[in-house]
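Look for chain A in each of the two complexes below; its partner is chain B in the first and chain C in the second.
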Partner chain A sequence: MKPIFMTYTKKDLINLAVCMVLSVLIIPTFIKTEYWYTSILIPWLCLALATIGQQIVMGYTGQLALGAAGFMAAGAFAMFNLILRVPDLGFVGSLIVSGLIAAAFGILFGLPSLKVRGIYLMVATLASQFFIIWMIDKFGWFKNYDSSGIITAQDIVILGKPFTTPLAMYFVCLAVTTILTLLAMNMARGSTGRNWMAVRDMDIAAESMGVSLLRTKVQAFAISAFYCGVAGALFAFCYLKSLEPVAFDIKLSFKILFMCILGGLGTINGAFIGAAFILLFPVLLNAIGNNVFHGAIDATIISSIEQVIFGLLMIIFMIYEPLGMAKLWENLKQSMRSKLSSSGIKGVKSPILKK
Partner chain B sequence: MANELLFFMEVLVGGLLAGTMYSLVALGFVLIFKASATFNFSQGAMVFFSVLAFCGFMQDFNIPFVLAFILAALLMVVVGLCTERLVLRPLMNASEDTVLMATIGLGYVLEGLAQAAWGVEVRRLDLGIGDFPVPWIADNLKLFISALDITAGLVAAIMIIGLFLLFKYTKIGLGLRAVADDAGAASSIGIPLKHIMLLVWSAAGVVALVAGMMWGARAGVQFALVDLALKALPVLIIGGFSSIPGAIIGGLIIGAVEKILEVYIGPFFGGAIEGWAPYVLAIFFLLYRPEGLFGEKIIRRV
Partner chain C sequence: MAYERKFKIGKPILEVNNISLAFGGVKAITDTSFNVLEHEVRAIIGPNGAGKSSMLNCINGIYKPQQGTVSFRGQVVPNITPNIMAQMGLSRTFQNLALFKRMSVLDNILVGRKLHTKTNFLEVALQLPKVKKEEKLNRERSEEIISFLEIEDIKDTPVGKLPYGLQKKVELGRALATDSSIILLDEPMAGMNVEEKRDMCRFILKVNDELGTTMVLIEHDMGVVMDISDRVVVLDYGKVIGDGTPDEIMANQKVIDAYLGVEH
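Take a look at the complex of A and B:
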């Protein structure tokens, strides 16, 4: 029996402690405005979780997929129906089961990855995106025959306690994201992740060394869709507070793809960095538009500029640093470290941090 | 019975002609793929960008039709030049996936620029060709076929024949094929790689403009064109990425199948299955014939 959990190093535990103190103690003490929770922190955690899902399939396993929002929709609507129809399951149970339902879709639409890769696979995964959204839209049962098109999400109740304030919802998202992030790091470091990366780097070589392509790819798609499904459920229940298929259209899939790539392929912290950037940059741009130009620039122009900048950044990162912002961060830490330690010889990089 | 058959024929012909519109978009993808083995994800954005520019020239500056077309085509040449210089050349030795992602970024840039320059509202584009059944065909053959569809079909046919002749019989075409086969070897015997790339991207830009005009006349010039252009992807998978006839046949198949499914099976599921049917069809093709109908077999070396 292989151990499922890797041992954590001292550095990991320090990082975890810092993150936990920051998110559980410092943020709730100092940030009092609801805006920060409802519009920034909660969507950030949800989208970062979905981006981890995208990372697993794209960054770690090297399969070009473009359907994260479809799986998120599957998770969100599964959650709605589970709470509605199987109330005994409870919030946490429903969350897990809706993740599993999304994973089932992931397996189904991940199967073409056994035959094809690259752009071909991208088209196959687009099918999942369009099919899932269509299915939810056309079959009234999924929406409980609601004709208005927008359904209000049920309140979150865990163990009889309601979690309805922004702060409480933030803690729900934080708890789920923390647990799943730790799990993802574990998988990425353990034999599962090694198999993913072997398939990414050269699938034929991996296969000849005894890594089952079928198992590895299907597993990656399933786990990725599970993450996206849970993220979608949280996104709908904590952030949107409503369910509509349009919220999970192809644009969201592209957004998650951008978070994944700009953040840094094949890194977990990249998912958080990328999600924060894509989410915060428009906020910043709007703030500049309102405060510097005093609304002289039309909002549509600002959103167009935002799109241009995202596109340019994508091109620039592909040319100069295909490993994204996580790598930049790593480089920054590296140079700081070599400046701090007197023994660091200029120009020579420490081999320890080499990926 | 005869009526049913006639109805089926009408659906089929309508689908086939609508399919040529997909073919026009797919053609742009194929051109670039053929010459550089680059998958240009921004083709859809190029369609949107070029036709919005065309509309902008015509409607905002009151430039006459022909001049506006030439200006928009020139603009696409400039876009091609910038793309070659700023995106493709630095990524010369990068992996396929990296270039693909860079073209996704390029698509974002083009979409954003187009909307910043010409606004986000839907524009009407009147080509002087009505999107209504041609009376002569309706009277004599009892088929209701839109004049716009027929025009799109004719335009597609002319472009395909032109491109086919270009690839097959001219020196430029020979150069293009050489570059597609082995860029390194081609440049070592003196084929100017830069010019070839510029030429191909410009040609793809003009193809995008024509495709955009056809789509724009039907659905209005709007952002949704980018999503419509995504449907060129299943067309390519069915036809094969490197085949010009494949783009046409693929487009016809997708157009016909999605219309027939929509009309005959759609009502049982509440309609709108044409949103995903082409992609599912593409999956089946991928499982049985990944290289498409006319594509070259994909051989991967370890």
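Take a look at the complex of A and C:
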């Protein structure tokens, strides 16, 4: 299929249009409960954005990194300080600069990837997780010498207009996530993405073709950290509405890693699917606990069951479908299409028959 | 050869001077020198473990020899790395296939266009007009190579799913996409049947003939080597034991001994 606009094919544009209609028109019209925005949709968008960051470094460039939450913390606290100390930047300006500050950390902590790989790199990148959190805790300046430990995030004001209702914040997150997702797709499908994947699949050959390992890896880490930084800022300002380093602990890094793997390594839409699954699954379990067992099961047991199921799913996906839920979705569509075409419905072409 | 070559064999493009390479105590290559002339097809042959692949890895900068230098177009290349050699116009294929397995055939070949891609990631993210123009040119060149190698029907297939012979073709395609002046082929025909070998020979000669690309190849099939190469260098135990035209090599007693063994 030929791209007709930027790198997007007709199919992509239809998908994009469907997503936009759904998220801009249908969701705001039909969902009125605040709970859905404050507890599901906003964190979903923020975490999906961070997962795209994780995808870039892990799914596309093949560098096992574990420290997304550290970069998110860097972005969140950078945002707080920028709004506090450089108010002229404005919300959007601060968001971009926060991302850039996180990217600088990404470059710093991405450097070990030149020497170590695999599980050792994962351990090395953990440094970012602990160092950034430690730094914020240690130096009071980052928290504006607030002794309570939890700082309230400033209100979001864009071009003089406040964005404080859940719906307004949802739109802020949606706009940022949409733009950054499109940019990520452009990169992933263009020459930048090819360099990343070449380094992932066979670094020696990539180097022999003139792909610089240093530049490609560091670039992937920087872009990944930029995405995580922006996601962290949105996470703090739209979802948590407060800033505390504990919110960005290693558990969040693992959560993002799970989202990345379950969603499907090396896919952008997998980031959204994975994030939705990890966020919604506990909600579903709770609903089952409350409605089917009428609260007979203790909440702590439910959260343990959740961990067990996530762990099992990770193992199952790693063995049977390393490309994750995005691939399952793709297969489902594929088989539906071939069933439709074999049953003689006109206008549906089987992608298998075409070859 | 009877026919007139479009690109006449010229001056040395690549010179290997007194290279010695050892892994710990094991000497892979000892004080080896030979040259490659521009536009020629040069074969490196030798029994297993003779140091042929190590030689290519030294030329390409993957291994760092303890002694000796590599000159490109008369200039000694200091601090050889695969990247620097690629920039100077040297491309290669690998013995055990080093393709990007999860990427499609077209994408693999497009990676070969890396050095003809000047736009940075920001420009790519924003899809500026110059990115589109460059991408279009690179795609056109890649499609040309794909149709030249007669692999149009598999261009969207992930390389990892292809049979070995086709993967070898794709690897040649990726090397061609760099538009390099010299290509090193490490056993381009290993594991191929007669027909596939004939095809591969045809492609190698055609590239050499039409584009004037200098070809250095390692090959085990003597029939093929003697047929397509202009000059042959023979390595045994990391040393040059013969260097010359195919006819000279076939008459060389040392080479015959190395291949058939010597009576004691």
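We adopt the following convention: the second predicted complex is superposed on the first by the 334 of 355 C-alpha atoms of A that agree within 3 Å, B and C clash if a C-alpha of one lies under 4 Å from a C-alpha of the other, contacts with A are read in each partner's own complex, and residues count from 1 in each chain.
As a working rule, contacts are C-beta pairs under 8 Å (C-beta built on N, C-alpha and C of every residue); 3 or more make two chains touch, one makes a residue touch a chain.
Fair warning: this is a prediction, and the values are worked out from it, not measured in the lab.
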| item | value |
| --- | --- |
| Chain B versus chain C as contact partner of A:Asp201, first or second or both or neither | second |
| In the superposition, chain B vs chain C on chain A residues touched | B |
| Which of chain B and chain C A:Ser335 touches, first, second, both or neither | neither |
| Which of chain B and chain C A:Gly266 touches, first, second, both or neither | second |
| Touching partner for A:Thr300 - first (chain B), second (chain C), both, neither | first |
| Which superposed partner A:Thr152 touches (first chain B, second chain C, both, neither) | neither |
| Touching partner for A:Gly210 - first (chain B), second (chain C), both, neither | second |
| Touching partner for A:Ile250 - first (chain B), second (chain C), both, neither | first |
| Chain B versus chain C as contact partner of A:Lys115, first or second or both or neither | first |
| Common interface positions of chain A, toward chain B and toward chain C | 202, 204-205 |
| Interfacial residue positions of chain B with respect to chain A in the complex | 39, 41, 86-87, 90-91, 94, 96-102, 104-113, 115-116, 119-120, 227, 230, 233-234, 237, 241, 269-273, 275-276, 279-280, 282-283, 286-287, 290, 300, 302 |
| Complex contact set, residues of chain A against chain B | 62, 64, 112, 115-116, 118-120, 122-124, 126-127, 130-131, 134, 137-139, 202, 204-205, 250, 254, 257, 261, 300-301, 304-315, 318-319, 322 |
| Complex contacts: residues of chain A adjacent to chain C | 6-7, 183-184, 186-187, 190-192, 194-195, 197-198, 200-202, 204-212, 219, 223, 266, 355 |
| Complex contacts: residues of chain C adjacent to chain A | 60, 62, 81-83, 85-87, 91-92, 94, 98-103, 107, 110-115, 117, 119, 121, 124-127, 131, 134-135, 138, 153, 174, 178 |
